[in-house]
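Note that subunit A is present in both complexes that follow, paired respectively with subunit B and with subunit C.
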Partner chain A sequence: MSSITLSTVLRRRSDVRYRRIEGEAVVLRQSAAEVLVLNEVGASVLDLADGERSVRQWIEELTHEYDADADTLARDVLTFAGELHDAGMLEEVSGEAKP
Partner chain B sequence: MSFGEGFLRFPDLFPGRRGGEPWGERSLVLEVAGGPYLVAGLSAAQEEAAHRKFVGLCRPADAAAAVAIHLFRAPSTDFLDRDVRGWEYTLDRDYSPGAVLLAGLRLMGRIDWTPALTGGLWTSHPGGEEWVSTFENFFRVLTAYRLLEQGSALLHSAGITDGTSAWLLLGPSGAGKTTSSGLCLARGGTVLSDDLNAVEMPPQQPMLTRLPFTGDLGDRSGGPASFPLAAVLRLVKGEEDRLLPLSPGRALAGLVASAPFVNQDPWRREDLFGTLERLARSVPAYELVFSLGGGLWDILKGIPK
Partner chain C sequence: MSLARVVATTWRENLLFAVLVELTYRCNLDCFFCYNDLALRGEPLSREQYFRLFDDLRDMEVLNLTLSGGEPLAHPDFLALGARARELGFAVRIKSNGHALRGELARRVRDEVDPFMIEVSLHGATAATHDRQTRVPGSFTRLLANLAELRELGLRVKINSTLTAWNEGELAGMFALADSLGLQLQVDPEVTPRDDGGREPLQVAASREGVRRLFELQFERARTAEANQPPEVARGGDDGTMPTPLHKHCGAGSSGIAIDPYGNVYPCVQWRRPVGNLHQQSVRDIWRGSAGLAEVRDLTVEVKDMIAAQGKGSHLLNFCPGSAAAQTGSPLRVYPVAAQRKELMEEVMAEEAKRPLLPVIG
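This part shows the complex of A and B:
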């Protein structure tokens, strides 16, 4: 069960590589040869998972990018972040997000 | 567990370069996708076993070759005895920019890229079935890297042809590659392999090419055979037969997951993604839901070419 909250800072694990193709992201966790396919929002979450910004900051950025209801977007992003964390694609970074 | 510890008594003494005492002075050339491959340093018993296994693929030792594999002796004391009951075969791999190191049952191998892709295999098997199995375990990996180097791919898949076109069926173990291959075989299709196939990428059209690496079905003794690839299909077991569209992203994901050995190599991932993305964009991709009724053959034949 994921413990991701709005203040969590996440980054892509070092063995994770991905490629965007026609609105989807193909994500490879290389050490285990596991492959996932994410939609556009999921791909954006991967782009934003730089270990510096919090989940709250991702949502702020994505609210500008997508014409979507803020609450729905926040819920989707938290879900995506949790699933990617549980799948071993993202890892938590200790400390505060950069402003 | 660090590299080689599960197989080697002295992992720290893994050969640092391609060299050692050859088993003998015999050699042969194998006509396999990505090759031909020269296998040098064989004893008479090893050469005979290889001829038996790769019948239609063997060429005279003086035939031209593109890739060389050198075979060396290793004492049996270099290897750990391992209880293989219930064990699924695997190889330890260690990746670096210039080489891939392999350790397995009675096997140490290295694939080097300096100056060109070359293989080195150290084993304690003097000949017979065990030797040729050890060689094949190494050769599969080397072929995967050679194909990748050429902008092609070795894929865990079933390769089916009607003699004119070919279809690549993808899916993890248990997805039904052997079952669907058998259903096609029963309707008059030919199974290239139900385990590993090569997709070569000439500019005109991707080609599905036979490899001598089969599971339960396929012809490992025949020479190379290539057919235009009509479609990539992700297998799903179901109650009825039907064809569903598959997005390029999902097709690429299926291809990456089906590229053994190289899909875990961090130094060559961009080459792999690039090659497989070209493939995903250049042939139609579908999800093929199939039942045991055998209707999948008619579906394959009905895919526009």
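This part shows the complex of A and C:
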């Protein structure tokens, strides 16, 4: 079960390699030799997971990018972040997000 | 979207996704059947040119970058180039003979390049055969020691082998050796001509019986494997792993390219038809504007139609337009090795079909 909250700061794990193809992300997790394909929101989450911004800041950025209901987007992003964390693609960074 | 559909998208939309870079033709072994054109001359790409190339490939969303040769580790800038590739987020593969991959260098490759995979070459199950092919005494013993070391370092390693007249009698031993090392072994049944068209390597092409034995062994191993997966009988795109209908036979020039040490760009490592040179143009410009690449993309559509016209079981040809061009002068002509492969695979599959199904126990 994921413990990700809006204030969590996440970054991509060092063994994650990914590229965007037609908006979606092809992700290779090297240590597990796993390949996943993420939709556009998932690809954006990977882009945003720089270890500096909180999940709340991702949602603010994505709200500008996508014409979607803010609550729905927040729920989707939080769920996605948790799933990517549980799948070993993202890891928590201790400390506060940069403003 | 599944990975297969992404790959299909790259083929259809001509999105570069995988690049093989031959960094150098220098090598510390001297394999009899090496396909490199060692007489090819030109201005080698500089470190800065490679860095620019990698930057461009990153911007073009290329994921898979293979560093090959010759022996890529013989390039004086190998570690710097590998580290740069890692920094830019490529999934890096290294195709090496494994001879130098030990000690400090192996550790530095792990720590600085962090490759997804290292593919090394095995030429036999005994020192006599392996060393005969590499023409370097002691290379077999050293390779086995290096493979054990690479495993201890936590590097992901795969073994590649080419079936030849010299090692076909050791096939079972080669699989057993790979199993004992806990490594996957992939055997290519085809010795190819040299990249300059020279046919000397074909002197050691495997016999019909040797190729058949390989296919039998692959089925035997698949039958006894836990997953009970059928052996791979055809390249991606023809065997149901790709969504249909795909209008191209393969991704040569559509999702992949190969680059030689002098900056010549080819649609594929097998298809040595130059489509541009990095001393004259950037990879972006070649990808967008090369008339040669446009022709190759059209040819892969024609190849698809040609293969379909061969009728039932045509996917078992495992047809490679690059090999066809090298062996017959046309990428559209079925070459003898492909025809033989289909025939043998059909024979072996017919034998397999007669085999009774075993009850599941436990």
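The rule is simple: the second predicted complex is superposed on the first by the 99 of 99 C-alpha atoms of A that agree within 3 Å, B and C clash if a C-alpha of one lies under 4 Å from a C-alpha of the other, contacts with A are read in each partner's own complex, and residues count from 1 in each chain.
Going forward, a contact is a pair of C-beta atoms (placed from the backbone, for glycine too) under 8 Å apart; a residue touches a chain by one contact, two chains touch by 3 or more.
Just so it is clear, the structure is predicted and the values come from calculations on it, not from any experiment.
Undergrad: Could you classify subunit B and subunit C on subunit A, in the superposed arrangement, as clash or fit?
TA: Clash.
Undergrad: Now for A:Arg75: first (subunit B), second (subunit C), both, or neither, which partner does it touch?
TA: neither
Undergrad: Contacts for A:Glu22 in the overlay, against subunit B (first) and subunit C (second): which applies, first, second, both or neither?
TA: Both subunit B and subunit C are touched by A:Glu22.
Undergrad: Quick check on the superposed pair: does A:Gln30 touch subunit B, subunit C, both, or neither? Answer first, second, both or neither.
TA: Once the two structures are laid over each other on A, A:Gln30 reaches both partners.
Undergrad: Can you pull the subunit A residues that subunit B and subunit C both touch?
TA: 15, 17, 19, 21-22, 24, 26, 28, 30, 33, 35, 37
Undergrad: Show which residues of subunit A lie in contact with subunit C when the two form their complex.
TA: It is residues 14-15, 17-22, 24, 26, 28, 30, 33, 35, 37, 39 of subunit A that touch subunit C.
Undergrad: Where on subunit C is subunit A touching in the complex?
TA: Within the complex, subunit C touches subunit A at residues 1-3, 5-6, 9-10, 13, 15, 17, 61-63, 89-91, 114, 116, 156.
Undergrad: Once bound in the complex, which stretches of subunit A touch subunit B?
TA: Its residues touching subunit B are 15, 17, 19, 21-26, 28, 30-37.
Undergrad: Residue numbers of subunit B touching subunit A in their complex, please.
TA: Those in contact with subunit A are residues 247-250, 252-254, 256-257, 260, 263-266, 269, 273, 277, 280-281.
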